[in-house]
Structures are given as C-alpha cells and as structure tokens.
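Input: a single structure, listed below in structure tokens.
Per-chain numbering from 1; labels A, B, C and D assigned in written order.
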Amino acid sequence: MDFAFDSLTEELRGRLLRFMDECVHPAEPAFEEQVRMSGWGVPPLVEDLKDEARKRGLWNLFLPGDHGAGLTNLQYAPLAEIMGRSPHLAPVATNCAAPDTGNMEVLSMFGSEWQRQEWLRPLLDGEIRSAFAMTEPDVASSDATNIATSIVRDGDEYVINGRKWFISGAMNPTCKIFIVMGKTDPEAPKHRQQSMVLVPRDTPGMHIKRGMSVFGYDDADHGGHAEIVFEDVRVPVDNLIGEEGGGFAIAQARLGPGRIHHCMRLIGMAERAVELMCRRALARTTFGKPIARQGVVQDWIAESRVRIEQLRLLVLKTAWLMDTVGNQGAHTEIQAIKISTPIAVEWILDKAIQVHGAGGVSQDFPLAALWAGARSLRLADGPDEVHKRSLAYRELKQYM
Amino acid sequence: MDFAFDSLTEELRGRLLRFMDECVHPAEPAFEEQVRMSGWGVPPLVEDLKDEARKRGLWNLFLPGDHGAGLTNLQYAPLAEIMGRSPHLAPVATNCAAPDTGNMEVLSMFGSEWQRQEWLRPLLDGEIRSAFAMTEPDVASSDATNIATSIVRDGDEYVINGRKWFISGAMNPTCKIFIVMGKTDPEAPKHRQQSMVLVPRDTPGMHIKRGMSVFGYDDADHGGHAEIVFEDVRVPVDNLIGEEGGGFAIAQARLGPGRIHHCMRLIGMAERAVELMCRRALARTTFGKPIARQGVVQDWIAESRVRIEQLRLLVLKTAWLMDTVGNQGAHTEIQAIKISTPIAVEWILDKAIQVHGAGGVSQDFPLAALWAGARSLRLADGPDEVHKRSLAYRELKQYM
Amino acid sequence: MDFAFDSLTEELRGRLLRFMDECVHPAEPAFEEQVRMSGWGVPPLVEDLKDEARKRGLWNLFLPGDHGAGLTNLQYAPLAEIMGRSPHLAPVATNCAAPDTGNMEVLSMFGSEWQRQEWLRPLLDGEIRSAFAMTEPDVASSDATNIATSIVRDGDEYVINGRKWFISGAMNPTCKIFIVMGKTDPEAPKHRQQSMVLVPRDTPGMHIKRGMSVFGYDDADHGGHAEIVFEDVRVPVDNLIGEEGGGFAIAQARLGPGRIHHCMRLIGMAERAVELMCRRALARTTFGKPIARQGVVQDWIAESRVRIEQLRLLVLKTAWLMDTVGNQGAHTEIQAIKISTPIAVEWILDKAIQVHGAGGVSQDFPLAALWAGARSLRLADGPDEVHKRSLAYRELKQYM
Amino acid sequence: MDFAFDSLTEELRGRLLRFMDECVHPAEPAFEEQVRMSGWGVPPLVEDLKDEARKRGLWNLFLPGDHGAGLTNLQYAPLAEIMGRSPHLAPVATNCAAPDTGNMEVLSMFGSEWQRQEWLRPLLDGEIRSAFAMTEPDVASSDATNIATSIVRDGDEYVINGRKWFISGAMNPTCKIFIVMGKTDPEAPKHRQQSMVLVPRDTPGMHIKRGMSVFGYDDADHGGHAEIVFEDVRVPVDNLIGEEGGGFAIAQARLGPGRIHHCMRLIGMAERAVELMCRRALARTTFGKPIARQGVVQDWIAESRVRIEQLRLLVLKTAWLMDTVGNQGAHTEIQAIKISTPIAVEWILDKAIQVHGAGGVSQDFPLAALWAGARSLRLADGPDEVHKRSLAYRELKQYM
C-alpha cells in the first residue's frame, strides 16, 4: 500500500498546474465576458488555449490506449481533479471535456474502422464536438430499460423516432455527431433491446428544439442541454456502433471512467470552493472580527477538508480497482463515488456561498454555477437513490 | 389556546383560494411565456390580474391600519401562504409583493404627509413599484453598522455617495422610488448613524449598473436585483424618512412583518412542492413500480409534511405575538422563523426536484426557481448564522 | 387562533411549577442515591412526594372524565411538559406515569364495573402499579398483526401462552396487574384477531425472567423492562377487557394520549437540557474564553431553541385536535409528533452532552440517561420509519 | 499509488481472522456471562485466549520497534480493524488493548532502563494492566494547559495532589501502574509546565473513588473508568518519565498511533454493525415483506458501506503518512480521522440499532454497547469541535 503518485503522474501534475496558473486561470475573466457575448457555443479564446495545451503535451490525457495519452485511470484521476478547479475551461482546453471523452472512449473501443476515421479522428484532434443522446423526458431514464426511442431497420438504414432531452453540448454548432441510444428490438431480453447509432448533426428529421436550463443556467458556453426530437431520422446501417442489442453494454462500459472524471473534477471544484471560502472569510469583517474567526465558519472549513480527503481517496482507489480488476470488480466503488461525491461537494459549495453572502449566489463568483453543476450530478446517470438501492442489494446478497 | 382561524380569515382564505384557482394558476403558463419575451419588468397580463384582485377585495391585504386592508399579522399570514403557491404572480397581482410591502409599511408609519401623498398613494394603488437599497457589495451588510454609503447634508439637500447591490425590483422601469439607507453621522452612537432617504428613479447620479443573478436566474419578471452606484446624488431634505439617525430603527421595524410574509410564502411554496412531488411520484414508474412506492421517496414526503406543519405553527405564533406583544416581545420568534423556514423549505424543494429527475432542475417545473428563491432567503436580511448567534446570546443571558 | 393557555391551565402550571421547585427538584439527589441502593422498584421518598402532590391537587391530572382531573388533552399537555423536566420523579409523584396512565385510560374507557373496582381504583389511588404487555421478542411488533401470543378460551378461563419483552415496570414488586395482548382468533380478519386480558402479578405460569437494559440502563427505579414468559397462564374470562377481537382497537385508542404525554415530557427534557447546556457553557473555559462564546455551541443553543418551539406547537395543536375532532381527525398529527419529537430531542440532548465533555456521558448529569430515554422512543410504539410510511401514504392518497 | 496490502499484512490478517473465527467470536457468549458475574476486572477466559494468541504469534502487534512485533502503523492498522469486530475481547486477548498500548509506547520511547524493566516488561508479557491519568473533572481537559493536578518535587520524591476521572481500567485490580500527568512548574511556558510520573497501584494517598458510567455502562470487564483522588501521593523522583516539563510533548506523541488504533477498531465495529443490520433485515418481516426490502433500510446499508470505505482509506493513509513523514507531517490527517470516524460509526450503529427494534438497545445484541463506545470517542482526547477549530486554523493559515 502506497499513497504517493507515481513519477509520471507527478510530472504531468506539475505540467498541468503550470498550464492552469499561466494560461487557464488568467483567461477566466475574458472567458466569462466572451460567454456573455457569444450565444451557444464555445468562446473564441478556447481555441488559443487548445493550441497551447497541445504544445505542452496536455492533450487527450483522459484516453487510455494508443488513441490517447495512454494513462491509466489512476494516473489520469489527479489530472482531472486539477482541471476541475476551472471546470468550464480546463477540460475543453485539453480536449478532456465531457461528453466527448465518453464518446471517444466508445468509438475507440466499439467503433468500426470507418467510424473511427470519420468521427473519432476529428474528435481527438479537437476539431469537432459530440453529444450523447440517451435521457428522455417521457420516462424515468434512470431505468435504462424504460428508454422508448425506437430504432427500426429499414433496408440499409435505421429509422429513428423519439424524444430526448438534456443532451449536453447539442446547441453548440460545432457539435457534429450524436450517439443516440434507442430500442432496436423491444422483444429481446431486457438488456439486449437497446442499440446505439451515430447521427450526424444535419440529418433530416432531427430537430434541436430548445436548451433546457439548469437552475437558471443555460450552460451556453459548452453547448447547453438540448431537447431533441427525432422524426423519421434515417442513417445508414453502418452507423450502428458495435452490434444490435449491444447498446446497454456500451452504456455501462462508458460509465466507469466517466464517473472517475466527474468525481475528480468535483473534488477540484471543492478545493477551489475551500480556497475561496478561506480567502473571503479572512477578508471580511462583521461585528468586529473577521468572519474567519466565527466558530461555525471554522467548522465548515474543517468539515470540508475532512470530506474532501475522504472522497479523493475513494475515487483514487476506484480508479486503481478499474485498472487492476476492471469495471466489474470496481462496481461497488464506482457506485459509491457516484453516491458520495456530488452531494458532499454540493454541501461544500453551499457553505462557501454562505460565507460569500449575497455575492455567493451571483455571477461575481463561480460558486453558484459550480453548485448547479454539482447538484445536477446527483441526478445525472440516474438519481443517487437508484444507485444506493443497487449497492445495498449487493451488500445484502452476501448474507442471503 | 385555539388553533382555528377566525371567521374573517376563513372568509378571505376562501376568496383568495378561488382567485388562485380561477385566475392565478390558469395564468401561469402565459406568464412564463411573457416573462421570456418581455425583458426587465412585469409582464402585461399582471395588470389584468390586478384589476381582478381589486374587484374581488383582495388588495393591499398585507397592510394593517387605515391605509390598507387593516388585517392583523395573524389574519394576513395564512393569506400570504396561499399567495406563496404562485410566488411570482399572486403577490404582485394583489399588491402584496416585496419589497413594496415593506416600503409601504415604512411610508405608512414614518413617512411625512407629503411623502405619503407623493409615493405611498401610487404604491397603494399599484401604479408604481419601489425598491429598498440597503445591502452593499463592499461590506458584510448583515452587520448594518458596516453600511458605508454616505448621506451628507448640504444646505437643503442630501448628497448620497455609495454602492449598493441586490436591490430587488430596480431594473423594472415602473420602479419609481428608492428608499436608500446610508450614514448621515459616522460619529454618532453605532445605531444612530444611519438614515433613510427617498430617491426618485431618474435622479441624476444614480446609475443602475446591472442585474445580479441568483443561481443563474435574473428574476427579470419582478425587476431583477440591481447593482446601483450613487454618485453625488442630490435629493431635497424633505426626502428624509423620519429623522436623521433613525435609519436603523426604521430598518428594524420593517423587518418583523416582512419575515412573516416571506416565511408564509415559503410555506406555500413548500406545499406546492409536496403536491408536485406526490403527483410526479405517482405518475412515474421505475424498475416495475411507481416511484411513490419507493421507501426513500415516502420518507421525503412524510418528512416534508411534518416539517411544514411545525413551521407554519411557529410562523403563526410569531404573527400572534407581534399582534399581542409587539415586535420586541416577538424578537426570539422572529429570528426563529428566519432561521428555520428557508432551510427547511429548501430541503423540501430539493427532494421534490430529486423526484422529478432532470426535469426538476429545468424550466419545465417551477421547482428549481423556487429553490433559488428559498436558498437566497438563507442570506437575505443577513445569513442565518448571524441570527443564530443573536438568538443564542439571549438564551444564554438568562443564566448569566 | 390564540396561542395563550386558558386560565385553568395557567393556574395548574403555576401550582405544578411550585411543586417542582419546592419538592421535586430538591429531592432529585436523594432519589438518585436511593435508586442506587434499592434494587427493582420505586425508592421510598416517592411516597412522600405522592402525598404532597395529592395535597396540592396535583393528582391524576392526565385523566379526562370523572375518574381523573377532567382536563382536556390541551390543558394537560403543558403540565406533562413541566413533569418532563424531572421525568423519573415528577410523573410518578403525581400519579401521571406511564404505563399506568395508558392502562388507567383503558380501564376507564373499556373496563367492566368489576375490573374498575378491582384495578382502576387502586391505580387511581397510587397504591399499585401496572404494566402493558404487548411487544414480543420473536416478531417485529411494530406490525401489531405479527403478535403471536395466544389467548385461548377454555371453559370459564383464558389460557395464555407466549413471550413478551420490554414490559416496562414489571420488575417492580408493586406492579400488581398486567394488561396482556394476544390472539384469541387467528382466523378472524386481521384487526379482529387480538384481545386484551388482565393478568394479576402472581398468576401461576407467568415468569418474569429478566430486565432488558436500554443502553446500559436497567431503569430499576420504575421497575425496569422485563422479559416475561407466559406458560399456560389461566385467568377467568371476566378478565377480558372489552370484547374478544377488540384488542387492536383498544391499543389504537390507548396510543393517542400517550403520544401527547411522551412528546410533551420529551420537550420538558429538552428544556432541561438547554438550561444545563447554557449553564455549563457559561461556567467552563477553554483556550481562554468560556465555551459559551464558541460559535458552534451558540449554534447548538439556537437550533435547540428553534426546534423546541416548533415541536411544542405541533404537540399542542395535536392535543387540541384530539379534543375537538377526536383521535381519528388528529391521525396525521399524532404520527407527526411521534416522528419529529424523539429524534429532535435526542439531538438536543446529544449537544448538551457534548458541551459537558466526559461528564455528560456519566451518572453525574442526567443527560445521558435522558438521552437513552429519548433514543428508545424512536423505537417504542414502532420505529419512526413505520409511521413515516403510513403518513406518506395518506399524503399520496389525496392525489390518487 | 497502490491500494493492496503488503504480503506480511495479508499473512497476519489471515492469521488474525482465523483466530477471531476459531477462538474469539466463539468465546463471546461465555465472556458476556463471565462479565455479568465477575465485578471489576477481566473475566477469566481471557487468559486462555491470551495464551492462544501468543502461541499463534498474535501478540503485541501494535508495538513498533524491538519491544513489539515491529509492524509499521500501516501494517498494524488493518489488524486493529479486525480486532474491532470484537472490541471487548480481541484487543485484550492479543495484548493490544488501550490504554496499555499507549502506555507501553510511552515507556518504550521515553522510559528509563529501570522503568522499562519494572513496568514495560510485565505489560509486554500481559501480566499486568496499566492506566493513563490525565482528564480532570474540574477543568475542561481538552485544553491540556488547564490540567490542575500538581506534582511538586520534595527532596527525592514527587508529591502529587489532584483529582482525575474517567481513568479507564483503574478499577481492575490487575491494573498495577498509573501514568499520571500534572504540573511541575506552573510558571514555565504553557507547554513546558506538565510532567508525567509513574504511580504504582497501592501508593498511599491514591484513592480510587468510584467508577464513572458511560451511558449506563460501567465497562467493568476492562476495569471501568475511575474517579481518583491524589492526596499527598509520594513517588521517588526516578518515577518521572522523561524530563520535567516534557509531559505535554509525551502526551502528543502518545496520541497519533492511538488515534489510528481507535479509528480502525471503530471501523471494525462498523463492519460488524453492517453485518448484523443486513442479517436482521433479512430475517424479520413486517407488513408482508422482509425489512431488507424497505427502501429506507437499503439506504442506510448503502450509506454505511460508502462511509466505511471512505473512512478506512483515510485512516490507512494517515498511518502511511505517520510511517513516511512522521506524526507532525500527518497532523491534519490525524485530526481528520478523529473528527470523521467516531461520528460516522455512531451513525451506522444507530441505524443498525433501529433495524433491530427494541432488541437493538438491549444487552441481547452488542450494538448499544458499541454505540456508547463510539459516542464517547467523540469526546475522548477532546471534543471533535476542538479538533475542527484547530484543523480549520491550519487551513486558513495558508491564505493569511
């Protein structure tokens, strides 16, 4: 047992921290400004940051294997945490932003040669963005077997009909390709009914209706969260990812690394919140003493530190398990980090907001927007409660 | 001891409930639509609702004494709860919306004959709106003695310099009058330094800079929350409310009824959240059964009911105390409802959101916006923590 | 709506408070000493207190109707709170102690003339004590239909077989009569299978095996919590309370007032805890200042006050509902106080303990023992969770 | 970074688990029985277990260096967790029980040759027990500078006067030696005033007055928690441990490993609680289905698992830090585990109790007693709140 990072990780952490200090954090105010101006889509300065990141060897760090940087989950996790300190800017600057990351993994693992050439290549190069269309407004999508969108084969084509929402990134015009999950065979066994197909942006019948807001935020800077209607959308059968009936399995495979990334970024957000909370508490005075000397604020700071330390270790161990025994062997831990991280980070952000007074809920500090992100991760990939039930069931099974 | 409402209250509750069912709730979708279209300011359909409310004798219910409906706090409280079920529409429709309510109380109690004629009259008639400018970005404003805006007498005028923010309603062009708190005498005893003056909207030197967002919401429909800079703003000395040095006392007097209103509206919001949570839980099915049969969801519903019942009684008792022994005698209870209500209602809204899945955080349900309102009330009038310290101090004092 | 106590209540409160100050609190140290010496059963000084209480007209206050003081639930509730400040002494001194109170109610309402003469009379006179034997070790007794003890008619007798535990008061030799619940007809509809019979202490076949401990406490001073085995115990058919099959209904009727009593006593315990917490916090100094100046301790004190005020109002309203619309009409509220009071008071006691340091968990302060009492009320009458499910179901039913 | 135990640890874990299964758990019922019979002191069967543990090479595992098994903190930690599954039996059986462990560390590190011969030797051999007398009833002892017991040199002797309480193990007649902390120089700098001296059991003037109870438990099986009065107690100057004024430093050195041990045992207790909770939930049926199918119970089980995984990792990392960078370098983490572990394990035990119904609070399951142990660790070594303040201060200091 050894709690030190290996030397490659340390080297990359140093390099990434320098990139954050020299390029990312200084760009944040201009980024905010450009976001206010630029409608749906990524503000222009991001392209400069991407060039810089590529130059510095900080590109596609998330992707294991030959297509990417080849890091293990355990090596990448602490880098994701660092990116989380500027979650709207650092991941996209390094081509490590969701949902592209998961989509690239899917194409890398399950895509055909042609699909990789056509879509994975430009994604890896940061030339286009992508979306992942699974959640539906009309059913509780945490139960993937509820998914109702139909994908029917008709000759050499699949015909897609259905309605999706909260499809992140879709409002961004550079989002060129959608991975769409639907049912190809409603009569098959429960977990063999679903398939995934690639749908290019301008395919007739695909209507991007509107952006869904998340606590008042439209998240326009990374393409928002769209509602999309599929009306007799036709794609060639070559656009099927993997095999018919393989959709559920692909979705599962996509989840593991995504959880690590989300959770480590959340931890980075929490670290930033603690820093802001401390700085503000030291800078402001009420009733004759700095807020930092209020016992309740000290309690929040201590609790935040204690929770962060625990969360980080659990996520790192989960990454290590995925590397050593695979996603199946890390099943409990992958659920455990989903259950524990968003809600704890939400709590920390709430306290940081409270220390900032009215400013905390406003656009003048990143806290409220980070909070909305953390809060929605208690729902993304299914509400925490679904995962708790499943985890409890495995715990109970040992004694049945 | 008697827990039944008196007959006047019951009569008004019935009348208001009918107004909600027949006019307010049906207007909500169109209101949402108009809000999206209409920039800063109240959507047009509100004027129709105001006419209707006036016709039905549901006007200025909040205001005791001759200027208003003459209800006691205990009689008005349950009406405020009902309005809280549609908090963006019902209060403004009945001319019972903050911050006008508090401002009208101030003018009614402390305003000169001229001030009442000039400003109270059109406010009571629902012709104009008003704002209350106290909170400042540069100091922790929960400690009112921190307020730094200066109000300096110069001949027959007061000259105001300072910066305020989160001035609700100010972006609304019909908001014609601002009550501004500042320091007239920094050398006076701590609670005699402040004064309040009336500043009409177009006074030179008053710059309304921007709207502050609250968790991504701009609250444009009721005029947002503005940052305002006062640069050598001059008003006649007749615009002083009450006497020089009386600002702190007026601010305190303004607080009590405002808390009752806020808290009862929050309880109305909580009731709406429980209803939505129940309906959604019954309507959606996961893993083979309605969400309503999930034990954790049942636990949330039960907890919500139990908390609401307790909160309501505490607020009603506080209203009764204010009516019978005055604000001073109700001091502990006024703090207690501020401490307990927003955080409990926030919790209930959070659970209702969770039951709604991704929809819960979006614009398709009122829950996320209500949540942002409840959350910011943990900060408005000073963070809860300040009030807890003060309440604890009085508790401890009994044993000193 | 009126939050003031009526004049009779105020008069009795004054009288009871004087009794507490002049007699009960001063007797506490000697009581503790006698408890340590006297094995199972009530320490001798209690008889003196009983005489005094009777003299002062503070006797059987809990019992409505002609047999007792004739108070309403709303009138008695604030008296129960006062007794709760010394929960091991004041209730027994005033003949208002559980489980006698519930048993007297049962006999008063459902007992035959003969049963009242034989058992209610000496109970009302404080000559004997009684027990209520329902909970069983072998089944989850929160579901009363699980009760397995059999009561079989055999000629003019009932024959009882079964095992009960946590039968409070049973180890006390002056506990002369047991109300035993069991099944007379396992074939009847679910809620008509149970009956209650009276079993005198020395009936052959009734074996009082041992005292169950509650977090290390044996509660010897009020007769502990016994495990009892019934082996072919025979009682005359005249010992049946009410009718065969009526046991479930009697149990339900017994619950309502008992909840009010328990909850108000808990609130009295909480008030005592707050007082002790304040006094200790003022008296002890760490790191250069009194503990009372620690922000976290102030937060606990404020939270305690705020919670107590809410709980008390809810219990009082429940009492008022029981008086005005009956137990059925107060069903939700009776569950609500069971759900909310023990856990909140447990929290307050926990904080008071924490302020007392190691002393808080010891016999030198009443806090740890009070805590154990509050904690076990989260289980008594069925775990809170069962009541939450039932309350949620009624809430949901409105929308089905 | 590597989350696997090393091979020595794995070997010892296997050996210890076998010892638990073959010897410790089977002895628990007889141990309980002997505890009920045997007054203050360790029940006889423990000696047999000690012999067996020695034979199996499971002896003094806690002690690093030549005097003990020579394990690192990281190697010992998982063994302490296993012992925690039977915390009243396994630690004492393996001579790894507090407070002997800390006392042996102190003697091993700071004791003179003579002191080691006289006291460390028989402690290592399990022939005698020891106590650590620091906490005082009259001052808030979490602030060690409050300690008031005086140790005054008089010729070749030290004269001790003062009062201590909660001196664990002291009622056990085999507890032969006491390490007593007091002030030798009240004029010295704050952290140089204290010294530690060895006081043998039968030294004249040392009065062991009574056992303090912990939530009703006397913990007689390991010698209880005594109140002790020192009245002109005289010991030779050779009984001083280390140097005069070194007491505070020794106390600090003693804390680190003790925290690891306590926390890992708590985690073992939590694991046992989860197992009992699962087994009970599967075995009991209410309202037609096993309790294990209640959503709220599943939620508790999942939360318990998630919390345990996080706690364990944090404690293990702390052990690793102590091994690699020393106690000072692990300061934040040592506080973090003290803050997080007892309260989380208390929560888990509370839920396990709730699942057990009335049985859970009684002597028929180990849960209530384990709960009392966990609860008191929120106070032992100073209340959590003191440690949180200190941890927050270090966090804030980075930004000062």
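We take it that contacts are C-beta pairs under 8 Å (C-beta built on N, C-alpha and C of every residue); 3 or more make two chains touch, one makes a residue touch a chain.
Just so it is clear, the structure is predicted and the values come from calculations on it, not from any experiment.
Looking at A-B alongside A-C, one finds more C-beta pairs in contact between the chains of A-B.
Between chain A and chain C the centroid-to-centroid distance comes to 53 Å (mean Cα coordinates, whole Å). Inter-chain centre distance (chain A to chain D, centres taken as mean C-alpha positions): 43 Å. For this pair, chain A with chain B, the centres built from the Cα atoms lie 37 Å apart. Along chain A, residues 294-299, 385, 388 each make contact with two or more other chains.
In terms of inter-chain touching, the protein chains here all touch one another pairwise. Every residue of chain D that touches chain A in the complex is listed here, in rising order: 1-6, 9, 74, 274-275, 278-279, 281-282, 292, 295, 297-299, 301-303, 305-307, 309-311, 313-314, 316-317, 320-321, 332-333, 336, 339-340, 385, 387-389, 391-393, 395-396, 398-400. By the touch criterion stated above, chain B contacts chain D in their complex at residues 294-299.
Remark: chain C residues 135, 137, 139-143, 146, 165-166, 212-218, 284-287, 291, 294, 296-297, 354, 357-364, 368-369, 371-372, 375-376, 378-380, 383, 385-386, 388 touch chain D in the complex.
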